[in-house]
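The letters A, B, C, D, E and F name the chains in turn, as written, and every chain counts its residues from 1.
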């Protein structure tokens, strides 16, 4: 089970010019085979299906805890996509329908579901517009196979993030990939270390993989300076403490010690509240009417 | 973002005789169009994409909070499937390969991925073995459309749970559906009430839908007696408090008042630790070796 | 546009013992690549997309008219599947939920969607339970390619019907395939003849294809004796008359003249009204209540 | 079974400048989850699977009859797409191949299947190019669930039509959406009224949903003035008369009485015959040769 | 089993200006329903599943041998796509990440997987970006049905190649389609002849299909002049000799004799070695380091 | 390009009792995510897309050559499935249709496409009946990522083979998995070694993975005794010689030296010719007629 907190794991800039073509590409980080839905749901299912948890708890705790962080990652990818689809110059309600406010969009190689179905919101799809599929989940029951898979999955994810970074220049896309590259890199290290601890192999020389140096990405550097590249946060009030037994030793690239830190949500930023988009009537055709209803309901509830 | 807690939302019985054919059917509640992955991810994406959160917060809080509960539901469905696939009479490791321990399974109309790919674990698939797909998510940006959808989704989900209940008699399947019918029923009420509060319509007479009376399911009754059919738990330390502004008034079937309760995870049961299944080498071919490695790692970490 | 008539194209026997495993196989004739949804929608889209209709009307009329007949075929396949899923010994309503009325079904290699999702009804799926997909439609714009495709499609369909016939012995399945083999055979001839008329080729020696003789199927013989194997019905009050310009000459197997006949729906049988299935609450948990409501509505409407 | 008539349900303008990017978006109304194939085939399967038709005939007649109208809607969507893909300045046949007549198309964010596979014709795909799938059909056997679904389906469809209207300005796209919004709105009312008649609930205040006022769409107004927004046509020579028992009372937005009218196909417009497109050799590389063959066949048949 | 040879079946020009939009369209010839993966894998599976090979060897040999040629076709399609995605002005490694080298690509209606996932390489996808699917394979076990299918498949493939030719003007695309049209045309003849030999029908007048004359494509003419339009190469050291018993008689269009020729790989051109693309770090972030490692390994191995 | 040879890579026993339920499971080794189509087509596409082949040829040769062996593996999986579907007691032709020869099959949890569509032949599907999809191919352009993927792919494949071995006892299934486990194990070693040679990491301790000892499978032992577990065959007359530069050093489990051997097809066994199956008219309804036609064609061709 989970508790949910209305915070983001990282700061995201406010919306800039809309970039629907870029938003389509960022969808790969959401619903692609190596996107955050895949990391989130792979580790979640592996934790659900883990047998002999007590005997092998350090490994169970590692997988379960990283799964929890990944939820925050799909949230951030969604935030970036929403931001890139937001247009502050949208037409006032009463004129919207007759002025073809979405007319320019078919000419842009974006994802038409963003404006026809999704209300300028993120979708569980990849950069082609294909839906994420459960066949992206690998949960073999065999711990070693699962860990090897997870290491590979994070390697593929790192490759995708690097290329999306190169293809999109909106501040939201850059902030997103800068952050995710650091955190995904930690997870890549974590699963490699788990494999090492389980088998005795030494995987250090596989890093970085792909062989792009860590400081190649400007937007990643603040997080590296903060130490986020060698740190796992424990996303639980009281559980998953044994992950520290697996996430141990030094970072394969920098040699610094890896560490586990208790997550303190109060240090995380509050979400940006995105403005209404009248051309897709989100959150509704008459936003102020919804606001009034909400206010009245609040008063009735004494809130 | 989320915090994760190693508890289950409801008690589940220990494994009984394996029932792979039943487990295949229970998968519909996991990865089917109306399964718990759909409810979880629909509400999650709707909350990610919610615009003008401050103005419409009671609705945002309702959707966000129910999403959080749904995570616990996919966890429970997985627990039931894992339980139904567990065979306590599995052959000891060293003989496993030569004695065709899985030989009987192809003759049973189960999901072959359960034993070939999934290590006798739950999969993000439906009862046909088809993977859950992102196209199951409806997130239109239009609040009213989303709420109407959610009411319909819960109606379809209730229908599926009733029929799975009728088709499976293993204790795990019965305990699961008995619990989910009550909780899904509350969500159905919650979205209907949200539609009512937003529009002024009166949907009370749509309940129950399908028109199967609430007390038809024996395993649901303890939860009804406890009041779980008229109660939303707030799955957050400090957020989503305004959901009480929408989840108000009386239950459409019983007339009792609806209420919001702060979730206290310490009252929830601890997960059942399922035994190794040597025939699919889960969690490994040599479980005790994994246990020793884990113990050594724990000691190194001072845990 | 269409007008719909509440008749079936052929007599279907009343339900016998349920055969969910057979019903799963018959689904191939509904939603398979060579099923009736494919023939219906291929010809429908080809007719929608037909350019220069006036110049090439005999071909347009042929394709459009066969499309119309195919609607009646998906209706018949659905009728057979519904019949094979009907169980007359279903448990009375008030006890249904507690007695696990669907308990036996998971042990049968049927399609679980038939009882979990579909209410013991036909689904747009194939025999594996996979949904029919629009990628089954071939509409190239090139008349010759479309006609060659249609000849091939009917060849594949004939093969499927023969094998479903061999695999299912319920009266509904046999009546269905007996009828469809004759009608599909006519469509196979029709498209071959259209190719011949367009190119001058002689395709007669391709019949029968597959090379199973026409009288191998007992249930087809009454329709052959009636002449249905050499006859196209014109399914329109006033249109598509020029199809007779293409559907001409003799039958490639028997040498008898092909002919076009105006359809007279009054000669077709009325549908069989299938009984409620209380275990899936179809059409509802309390059928008599629905009946009373319907009666009251009728009276209010003066019907 | 059906009879087919070579008329369109509404007037469509002749082709204007081609708009392949817009045509790609209009495909959502064809093969999208909420497109016309979905409405057509949902109601068609629900009617095929309807049990106890005699007892519940008003509901059976309503669903069956709306299904019949929906066939005309997929025909109209196809007409609009074909029109938007038609280019009157296409190159004469004999030069076509060497002059790269399709060269500009890859640079436009259209659906490549429109020119590579589909011969500039409509396809059973959505706006992403993904094929329509049978999993879009909901046919639960439970009448109330099916009706609630249908109300929701029409709500989603209305949302999609509004947004496609905003995104496309070609006359064909505007005429199409203007008409479909009115007719889809009637179906939305019809299913809401059916739910009301079955349960006693009052859903009037859910209209309009989404909350875009009916007169926001200029191209819809002529149909509203004609009364088409409060009228169901009975698409059958003699059947489905009891739908009037369910489609009763007043329109939830305007208060005008709902009414059932016998369809008279002779009042519907004849289809526009679209010109050949030589660059995709539709209907063939040598159109005049096809025309001559057709003429000769007609003469041989005495037509 | 196969032996593989590092040669291409036809000459391909060196890379010119990149054309990602065109490369997306050429993917239809790779992963489309009528693409080369479909021809390759259809004939491969039919050969695997062929029963009574000895009795029917001429047909078995024909299908098996054409399958072998088709492998060379998917290789050529990949070569063309790789060429069209190659950009010789790519930025040197050390600056690549910070200069958004892929920034222009989202604005082009190409396939985002080409640069995000595929490293500017060919993918098993069609022109929509949808993956090739095993459901494209028809292997009925019935020889006549398989041969009719194969004739139709080649007809659809010829149509697709013609249209891709018209839509793309890069030298690689033109060279590819020019060659494939000739070779695919031979396969179309081969399967038609096999049907004729099996049934006695005369299909000559079906050629050309579509009815585009063979000399319409300039880039095909050199291969026609060389005789490649009437020749099957035997792609095996010693097997499949009986294909000459089926591939007999004259070419349906030109009347020239068909002939079987033993393949001599030494006459085929060597592949073009495409340059690294640093912006997608293919084949790696530091190409020279890979080259050094390779050189060292070669020396160690004495190569 | 390839040359094809009509030999199998390994001996396969003649058909025994049919086992359609087992054949369904073996399909996972054909069309599953970790099946042989995936290994074959992953390596094939990676070799097509390989940039800077000359500089990195040892790696290019390794991948290209293993791809060539994998073709022989899909051929063997097909042979096993065909064998398991063969029934020697099939009914003579002239009576086949009327005696419901396939009647027993729907009651067995097999893949209905095996008898309805596939003529008792292998299909490009997995054990659920889902088609193989191009999205199973990973070809990132980045050599290190591709090699890590390939190591993981072979790990997943080994897991699947072990479990299929345990679930099926027909001689064909056992012979198949016994052989493939050894060969797949070599490929797993080969890709690990390539990663080691590229990075300097030491992956020896990852073997075996999963941690099932190599001699646990009786049917694998003859191949191990022969040395096949430490040997790559070079499947080319003259190319791919530099693979020996990468496939070097010792076997991680046994310490024996790895070696590269030139393939000699004449040492491989000839395929088993499977008998006709009259109930699915494979290869035709009248096999002897096909045989006579083939004989006549041979004589005409002087063969």
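Basically, contacts are C-beta pairs under 8 Å (C-beta built on N, C-alpha and C of every residue); 3 or more make two chains touch, one makes a residue touch a chain.
Since the structure is predicted, the reported quantities are computational estimates derived from the model, not experimental observations.
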{"item": "Intersection of the contact lists for chain B and chain D", "value": "A, C"}
{"item": "Target chain C, source chain A, minimum contact steps", "value": "2"}
{"item": "Most remote chain, CA-based centroid, reference being chain B", "value": "E"}
{"item": "Chain D and chain E, separation of their C-alpha mean positions in angstrom", "value": "39"}
{"item": "Distance from the mean Cα position of chain B to that of chain A, given in whole angstrom", "value": "23"}
{"item": "Overlap residues in chain E, where contacts from two or more other chains coincide", "value": "33, 108-109, 117, 128-130, 135, 140, 142, 144, 210-211, 280-281, 284-285"}
{"item": "All chain pairs that touch each other", "value": "A-B, A-D, A-E, A-F, B-C, B-D, B-F, C-D, C-E, C-F, D-E, E-F"}
{"item": "Residues of chain B that touch chain F when the two form their complex", "value": "96-98, 100-103, 105-113, 115-117, 128-130, 279-281, 284-286"}
{"item": "Residues of chain B touching chain C in the complex", "value": "19, 21-22, 24-25, 28, 32-34, 108-109, 127-130, 160, 162-169, 210-213, 216-218"}
{"item": "Complex interface listing, chain C residues touching chain E", "value": "33, 135, 138, 140, 142, 144-145, 148-149, 151-152, 155-156, 159, 195, 199-206, 209-211"}
{"item": "In the complex, chain C residues that touch chain D", "value": "1-9, 31, 37, 41, 44-45, 48-59, 64-65, 67-68, 71-72, 74-75, 78-79, 82, 117-125, 131-137, 139-144, 197-198, 235-242, 244-246, 248, 263, 265, 268, 271, 273-277, 280-285, 287, 290-291, 293-294, 297-298, 300-301, 303"}
